[in-house]
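The following pair of complexes shares a single chain, chain A, combined with chain B in the former and chain C in the latter.
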Partner chain A sequence: MSNGIFGGKGRILGVAILVLLFLFPLFLPRFYIYLLSIILLTGLLATSLNFPLGYGGIFQFHHAVFYGVGAYAAALMITKSGLSPWIGFVAGPFAAAFVSLVMGLICIRLSRLYFGMLQISLGSLIWIIVYRWYSFTGGDNGIHGIPLPDVISSSKNAYYFTLIVTLLSLWVLYKIIHSPFGSALQGTRDNPVRSAMIGINVRLHQLVALIIAGFFAGVAGSLFIVVDTTVFPDMLFWTLSLEVLIMCLLGGWFTFLGPMLGAAIIIILRTFISGFTDYWTLPLGLLMMSVIFFLPNGILGYIQEKLYWSPAEHADLVEDDMVQQTAKES
Partner chain B sequence: MLEVKSLAKSFGGFAAVKGANLSVKKGEIVAVIGPNGAGKTTLFNLITGVLKPENGQVIFKGEDITGLPSYQICKKGVCRSFQVVNVFQRLSIFENVQISILSRERKTWNLFTPSAKLAIEETNQILESVGLMGKKTRTTGLISHGDRKVLEIAMALGGNPELLILDEPTAGMAPEETSRCIELIKDLSKKRGLTILFCEHDMEIVFGIANRIMVMVRGGTIVQGSCDIVRANQAVQEAYLGGSDAC
Partner chain C sequence: MDLFTAIFSPKLMSQILVGLSRTVILFIVASGLSLILGVLRIPNIWHGSLYMVGAFMTFTISGAFGGGSMGFWMALILAPISVALVSLIAERSFFQHLYEREHLMLLLLTFAFSLVFGDLVKMVWGLEYKSVPVPRVFQGSVHLFGGLPFPIYNVFLLAIGPVVAIALWIIVNKTKIGKISRAAAVDREMVGAVGINVSWVFAFVFMIGCLLAGLGGALVAPTVNVSLGMDHTLIMEAFLIVIIGGLGNVWGALVGALIFGLAQSLGILIWPQFGIVFPYAAVIIVLLLRPTGLLKSTW
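The block that comes next holds the complex of A and B.
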């Protein structure tokens, strides 16, 4: 389970995809390079959400806030302070992590759904501030034409920068998930009472998981500036949070790379179907419904199931789990 | 080692535990018995910090641990198993026990060493001693109820407790699993020198392994003493045979 589809023989597939990712800019037109960069950084955003969601069992409903805060912090730092843009890119993730800490401290007392609801409320507060504070954040116009360092100003180099930072971030997240901290976090997901009884401070572990998730959402936010040189308030609107949540569920929220796959699918759908019709969310809705009905573990979850587990048994487990969780909530 | 003094807890006006007293000496096996709804599980929840008592005291090794959160009580050396199985569903048997050990070793703040390389020997040792070694890679959501109950005990052992609290360790087990589990409990007491506090409905088991017995009825302690004292006690006989709570 831990190595996912890239374990064993799948390693060849993994290496092939990596090599392709590095070769793409050599033959793909500029538009596709831009699209790939967006997929990568959104995939990182979804993966960072999946860390508390799929591995921590925390209902992080408003993850986009940390993405937006990271992006705005970086953008404001670059445009207002006159310091090197690199400092801005580093400041973004730390600002996101800090906001995540503060919001986490407030929300963490509540469990599951209530946590999510309170987070949406607090996140919306931050959104409205960004949306209305014209003199500082540019209001609904956002901030455009953020200057980039020369090294990454071409779209090809921006792509490589995004690719490398994304891969590094994914590697760090992967390490954390498979560390003792990650194990303990998965324990608190499966059973908080039991976790406390074996000596784990559940709330504190959850809080740290939230901070880490916020940090990497901030990294994704900084990367968006690198790719797009703009920030706008929609980046921290709750609909984006929902979209990212759907990416996790679609790809498979108990798999490491599922959210990345979900991000790729949704962004590709949005880009290409919205060319034909405004109702591009319709096929997405249908897809989402079929996933819920037929692949409760998401697409990648389904593939791994086929490769490693007896699917019938695992479906029982998921059902069991849900019954238990509903029982606990009521 | 453990002293419980007139502990009380009520749920919405219903006094689940009221005036519960209990003492456990080092190395003993103490059983708590009582009819259904007598408050045994609530008592254990109060001792281990899952619930906060309204009144009374819990003293462990001379230290007042009343109302501390579970994770701190665990670090002081009190570990427990649950009556309703409480394990980490999506993880393997091995990982379940391993997390418990990592937590005791205070390694859960380690963010970068792979878990797969830590505490392997000790985990295997515990799994060996409880007889789950052959199934260690299986996901716990998919193993039998009996195995999960044993895993409960194994996880409690991962915390290397001085006092082990078992809430109906054999509930719902098949007969052969039950006898295996009893052997295990006896072994833990003899070989590891653990102090064990447990509750159980099966009197044969209780009188078979307990040194002393505490009887609870309607949330309060009626009597605590050796098996013979309890067997001869009038109030106990009434509670079990003639009282309104008889089951």
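The block that comes next holds the complex of A and C.
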């Protein structure tokens, strides 16, 4: 089930999409290449959120902070230090991972909802500092015209760079999820008490998951600079975090590629709806409500349910439900 | 003597009063949020939008009554009531079907509502700032503490804070429905089993909570530019207040609002550029010392 839609029957579809992704720049106009790059990196951001959220069961409410910190760290490295931009691009994800470690250490001992709330408060603090510190971060103007290395300065090359980095990151995330560590993490999600009893250090697993998620959010932040050459404080505002959560939910949180699909749908919708009206949050909100009411497992989750339904997995799900119910009752 | 004058310096005292009037608004909004969190377990992001709607309603209603004192008083009564009615409709048609779902789903549903209402407010009231005139009774300022002016409207705010707090205490502790809702917060099924219609109790609590959001919006309207986006910062502040006070504890909301409001106003005095950082830092310190909030949480 966790193989995603590209397991088994879907493999041909997966290869076709991959080939198309590599061929798109040959015939698509520049705007669509830009759009595709944004979809890819936002999809990476959403996938990195889905890792602690869907697989770890951690209420990562303020994920955008790591995205913004990664982007700002890279941008500041490039514009202030005079070192090669490549060092900046590498520094971004590590800065994000470091912030994630610090915030994780502070928040991890709290229960789920408190965790999310403390994370939002710490994140808002970082947002305010970025927003107000004009002399260093450029305040609400952000930083514009960040110089890029020549290799990736054209939009086509930036797209290929984004595509390759995104695919690599997705592959690494996939491997992590399907490693013993990933299985243990899912164990801590489903039953923390039982996991602790069989000797899994629950807090440590969650913390590592948070650091990994922060790192890949930072990668997405660095990629945003490659594609757009700007950073601005809205990248770490809490509304963006919730939008990314919406992407995860729309695509399906317990699926690997669901968040990517959700990001693609939402960004395409936004681009085309804002073409003819100023009202974008209204349709987004309505879409969100219908997903919550009619597709609580997301689009990919629904497709998987229909395509790969098998009695064995169903038995598994029933058991999950029972575990959750007993957890509720106790 | 030096210390005395330093502590009771007019500037500091008037800044504290400004902080306290901010506290009143924060308390009114956060207590509604806390009530909903405590009884219904909904992390209601929509609350901020209702606050904004309350402020815009105040603008429209006070304009409809000619913009004078009469208009303000009518708005102060009618704006919260209309917000409460909107929330009741939303609760009956949407929220009540989702109480068994995860917090995350409820959070996202309320966020969806706030997205929809953000655009609805834009459609109805447009993009421009709106300003609501201060009623004639409260125009001007009094001179306290060595002559620093303090707006009379803020004195009115300081007076209304305790009134709301006492009214809320009476509703929660002394009325039958308040007692039922406190019981429902602890064990919903048991309350249902003794023959009480829990669903409508929840609707009532939700409505009261949202009424408080509308009241906060109506009260704040004459002191600020009523604008789009005023929900975004406020809802975050209200959530943090509820968290540091203890989830679902209405008195916690009071304590949290005091900490938040005073840290904000005194922070500006200490370091003008980063004054806004202080309340967030205070929240972090409180949560590091007491991870589940200062007062007992109902969760």
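Note that in this section the second predicted complex is superposed on the first by the 309 of 330 C-alpha atoms of A that agree within 3 Å, B and C clash if a C-alpha of one lies under 4 Å from a C-alpha of the other, contacts with A are read in each partner's own complex, and residues count from 1 in each chain.
Quick note on the criterion: a residue touches a chain if its C-beta (ideal position, glycine included) is under 8 Å from a C-beta of that chain, and two chains touch if they have at least 3 such contacts.
Given the structure is predicted, the values throughout are model-derived calculations rather than measurements.
Colleague: Between chain B (first) and chain C (second), which, if any, makes contact with A:Ser154: first, second, both or neither?
Modeller: Neither partner.
Colleague: Between chain B and chain C, whom does A:Leu249 touch in the aligned arrangement: first, second, both, or neither?
Modeller: second
Colleague: Touching A:Pro296 in the superposition: chain B (first), chain C (second), both, neither?
Modeller: second
Colleague: In the overlay, answer first, second, both or neither for which of chain B and chain C A:Leu286 touches.
Modeller: The second partner, chain C, only.
Colleague: In the overlaid three-chain picture, which partner chain does A:Trp238 touch, first (chain B) or second (chain C), both, or neither?
Modeller: second
Colleague: Pick one for A:Thr271: touches chain B only (first), chain C only (second), both, or neither.
Modeller: In the superposition, A:Thr271 touches no partner, neither chain B nor chain C.
Colleague: In the overlaid three-chain picture, which partner chain does A:Met117 touch, first (chain B) or second (chain C), both, or neither?
Modeller: second
Colleague: Applying the document's definition of touch, where does A:Gly199 land relative to chain B and chain C: first, second, both, or neither?
Modeller: After superposition on chain A, A:Gly199 lies in contact with chain B alone.
Colleague: In the complex of these two chains, what residues of chain B are touching chain A?
Modeller: Those residues of chain B that touch chain A are 48-50, 69-71, 74-75, 79-80, 82, 86-91, 95, 98-100, 102-104, 107-116, 118, 139, 141-142, 155-156, 158-159.
Colleague: For the complex, which residues does chain A have touching chain B?
Modeller: Where chain A meets chain B, its residues are 2, 175-176, 178-184, 186-187, 189-191, 193-202, 205, 254, 309, 313-314, 316-317, 320-321, 324.
Colleague: Give every residue of chain A touching chain C within the complex, in rising order.
Modeller: On the chain A side, the touching residues are 59, 61, 106, 109-114, 117-118, 120-122, 124-125, 128-129, 132, 237-239, 242, 245-246, 249, 278-282, 284-286, 288-289, 292-293, 296.
Colleague: Quick one: in the complex, what on chain C touches chain A?
Modeller: Where chain C meets chain A, its residues are 43, 45, 94, 97-98, 101, 103-105, 107-109, 111-116, 118-120, 122-123, 232, 236, 239-240, 243, 247, 273-274, 276-277, 280-281, 283-284, 287-288, 291-292, 299.
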